[in-house]
Amino acid sequence: MTGLTQQLIDLFAALLLLLAFAMLAQRRILSLIHLYTLQGAVLVAAAAVMGYATRQPHLYVSAGVTLALKVFLIPSLLHRVINRLNVRWDLEMLINVPTTLIAGIVLVIFAFYLAAPIAGLAASIARGTLGIALACILLSFMMMITRSKAVPQVIGFLAMENGLFFAATAATYGMPMVVELGIALDVLVGILILGVFMFQIREQFDSLDIRHLEKLKDD
Amino acid sequence: MSTLFFLLGLPLAGTVALALNGHRRFAPELNIAFSSGTFLAAAALTARVVAAGPLYAMEREFHIDALNVFLVALTAFVALTTAIFSRPYMRVKLEHGRMTPKRLRLYHSMYQLFSFTMLLALTTNNMGFLWVAMEAATLATVLLVSVYRTAASLEAAWKYFILCGVGIAQALFGTVLLYMAAERAGAGADGALLWTHLDAIKTSLDPRIMALAFAFLFVGYGTKVGLVPVHNWLPDAHAEGPTPVSAVLSGLLLNVALYAVLRCKVLTDGALGPGLAGQMMMAFGLLSVVVAAFFLSRQRDVKRMFAYSSIEHMGLATFAFGVGGPIATFAGLLHMTVHSLIKSALFFAVGHAAQHAGTQVMSEIRGLVRVNPTVGWGMMLGALAILGMPPFGVFASEFLILTTTMREQPWATPFLLVALGVAFAAVFKRVQPMVFGETELKPLPHPPALIPVFLHLGLGLMLGLYIPPYLEGWYREAARMVAG
Amino acid sequence: MSVLGLASQVLEIFAALALAPLLAGWVGQCRAWLQNRSGPGLLQPYRVLHKLFNKDSVLATHASPLFRTAPYVIFGCMTLACGIVPTLSTDLPLSPAADAIALVGLFALARVFAALAAMDVGTAFGSLGARREMLIGFLAEPALLMVFFTAALISDSTSLTTIVRTLSAREIGIQPSLALAAVALVMVALAENARVPVDNPATHLELTMVHEALILEYSGRHLALLEWAAALKLFAYACIGIALFAPWGVAHGQAPAALVFALPVLVAKLAAAGFLLALLETVSAKMRIFRVPEFLGMAFLLAVIAMLVKILLGAGPQ
């Protein structure tokens, strides 16, 4: 029993890492949103399995919140934004894909190196997944850096939040419930604000290219 | 308990009330009313804590002790004076057409929400809520910074959001690690994130986890403190947002973020012994001071220049906390206080000056003293105060920091001295012609609110000359808590 | 070295030599079925080989001895490769001589000779093919190595027989690192064997071909050897996949009965692998040659992630 749940959690962790890389390499906004949705679904599954294995009912609650928020609500908001803004085109990247991926591997190694000494100290069933969670966070961070358009940057931000959620689940079976709800609320409000922003940026610059946002410099 | 309820309830109620009425004529007065109510509650709370010692509320979820009580009072005070300053300021902006009634509603509502998040971050005992409040503060200030809807303000707000969002995400990871360390040290699920609880068991927290946790927390909250190299959002947000927002960003947000770092430092020092946390804070603090000082002279926008000055001063305070020991910590706390008072006063004066000139470019602001002596002198005195001229409070805190550094970390002294010298030259060179040069500026349609400027400067002066015994008692108590 | 070990080694090499064209024919037949064609039949590769062996070999005037020896070297490399991948038994006398890394080396050696021979005559197509082949190899080799390293990490040895023994002794379960490595290996195998998303074995379109350009100048028995070597290479890759990710049914140690039993199991697994390959080829489209580096980069990445995941999740039970 524990063997199977352990394997499932390991599998989900590996899937999350894979998805983080897939997002890093993805050129199309639409696929990016699909990947993000998938990542949310994997998170939900991981939280549910973990809740089942450890008999922690609050993990079911947080899995439910994640399902509603990250699998349904936020992706549908993103879909609406890209439809309204008509930005489904292929993305350009600031750095080419292979270079990004190799840098990604280096980041993963760095994350594992950081997490290695404490990975064994985490909650026993999710041992080892902490490093993967940290790697997902760093990869999403990199995705934000390498994209020049607003929507992918936001998706990177959201993916980073996914990584954090997984870290919390892996390391400590989730944060206390109230805190988790607070975090979910912040993310939701944040995404709404960013959505509004995108329309305003578009209005001001006729484009969602972040490179327009480089006027403010010290000179 | 009830004072705490008012302290947090009033700004929250203000958020709702101003979301409904923020566009009406009486909205600025309503804003001031809510802020004064909050300030009164803060004052009452402070009096209680001074008289009766630390207090808890709501099953220890809230906690007022020597470290946060003076920041609560300061926050409520600066929020009130900024609300007073913003009344005529926003009226002028409304007439210039940069603000519309709709935007004004958003502005007032978010202003109250921002005070709420700041006070929540300060009074909560739960490290998780501290994070939630900091993130909520980011969201509120993002809306405040972008309120003009100009290209530049949107850019600044976007940068602010993305950079601070990333930073604050690191802090969340640090919080997760903190929780993990607490669980391993045997804290129950309920108390595991309560700071007082963590403080009690800090020696048994796993040092390896805590080292990593502090690194993430420091990077995360350090982003909001504006430490180099994650400071890029700060000058933009200060320069492009409305001036009252610049004042509260410098006066409140940076302080509260540094407060969060301090809370984490106490726990880390307990787990690891002094060393790691202090060294990191010294390194990044010193880097911020030096880099910001050299960037000061390259600025052309007056608000950008003072934003860099904020980076410099927050770096100095961070450095002081990093040096550790009761005296340096005392100096750091004093520095936070006086910087908050004087920098917000400066932004008030700068705001009026920029409205006189119709621009924030320094070379086009000339001869303030002729057109409006109070604004001119306010700016001059504020600049002298922030540059650490005696007898203002900044001099006292900087003097203490420097002398302690000479004793404890002599290698850092030359860097600090050079940076302070460079900063002095850069700022004074700019401010002098702005205040005394030949002028073509026009008077303002509405009389500016100058009471806040001189109130702040007066308090800053007082702290330089004489620290009241109860205030000194607080500082000592807080310094003892932080320095261990 | 036991008699049985020697016997299983000999059996394995002969099985490879005999079955490799059959596998190629099977894949072709499956493709035909999947595309609603009737297909040339399973035995077509044998017929082709027979035809080519009976023809005269025509050599270019400038061809050096290298050009003539290359097919033999390549054929030898591939035969040896098939010999050291434990498909029937883990008791192989050749196994101590060559481990997983040597296997990759064998493939590389064959590649170098193929590329040199293709450039030897000096035609444009030969050089073009050689260049593309080296590009693919340069990207595919590290990925293949990483796949082997992942398996090696699990079994603490780079010896193929040890790997297979450890992996087949493992209880059945989900192993994320092996799953990732499997995907990576499939991608590498597609590229290395000139299969569809990377190259099309059934076409001679100049702009896209890689493998066909390499052997364009060969004829007669040389070509026969090269075609046979290509079939052997496919066979070897299929066997690697089977050995790493489906190692059940391989004979261990001194058990003649198990060895007899292992052969039909191998045939069944190869049939399944061949069908999957045909399916994969049918559903995917040929990609531009410039996308190939990215494709192989992904394979490399997957393999590296597999290894990293293995290292980090290593604390868990195997």
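A, B and C label the chains in the order they appear, each numbered from 1.
Methods note: contacts are C-beta pairs under 8 Å (C-beta built on N, C-alpha and C of every residue); 3 or more make two chains touch, one makes a residue touch a chain.
This is a predicted model, so every value here is computed, not measured.
Chain centres here are C-alpha means, and the one lying farthest from chain C is B. With centres taken as mean CA coordinates, the chain nearest to the overall protein centre is A.
Centre-to-centre separation of chain A and chain B, using mean CA positions: 31 Å.
Separation between the centroids of chain B and chain C, computed from CA atoms only, is 65 Å.
The geometric centre of chain A is 38 Å away from that of chain C, both derived from CA atoms. The multi-chain contact residues of chain A, meaning those touching 2 or more other chains, are 115. Residues 126, 128-129, 131-132, 135-136, 139, 142-143, 146, 149-152, 154-159, 161-162, 165-166, 169, 172-173, 175-177, 179-180, 183-184, 189-190, 192-193, 206, 208-209, 212, 235-236, 239-240, 295, 298-300, 304 of chain B are the ones touching chain A in the complex.
Contacts from chain A toward chain B in the complex involve residues 114-115, 117-118, 121-123, 134, 137, 141, 144, 150, 153, 157, 160-161, 164, 167-168, 171-172, 175-176, 178-179, 182-183, 185-186, 189-190, 193-194, 197, 200-201, 204-205, 210, 212-216, 218-219.
Residue ranges on chain A touching chain C, taken from their complex, read 3-4, 6-8, 10-11, 13-15, 17-18, 21, 25, 97-98, 101, 104-105, 108-109, 112, 115-116, 119-120, 127-129, 131-132.
For chain C in complex with chain A, the residues that touch the partner chain are 173-177, 179-180, 293-294, 297-298, 301-302, 304-305, 308-309, 311-317.
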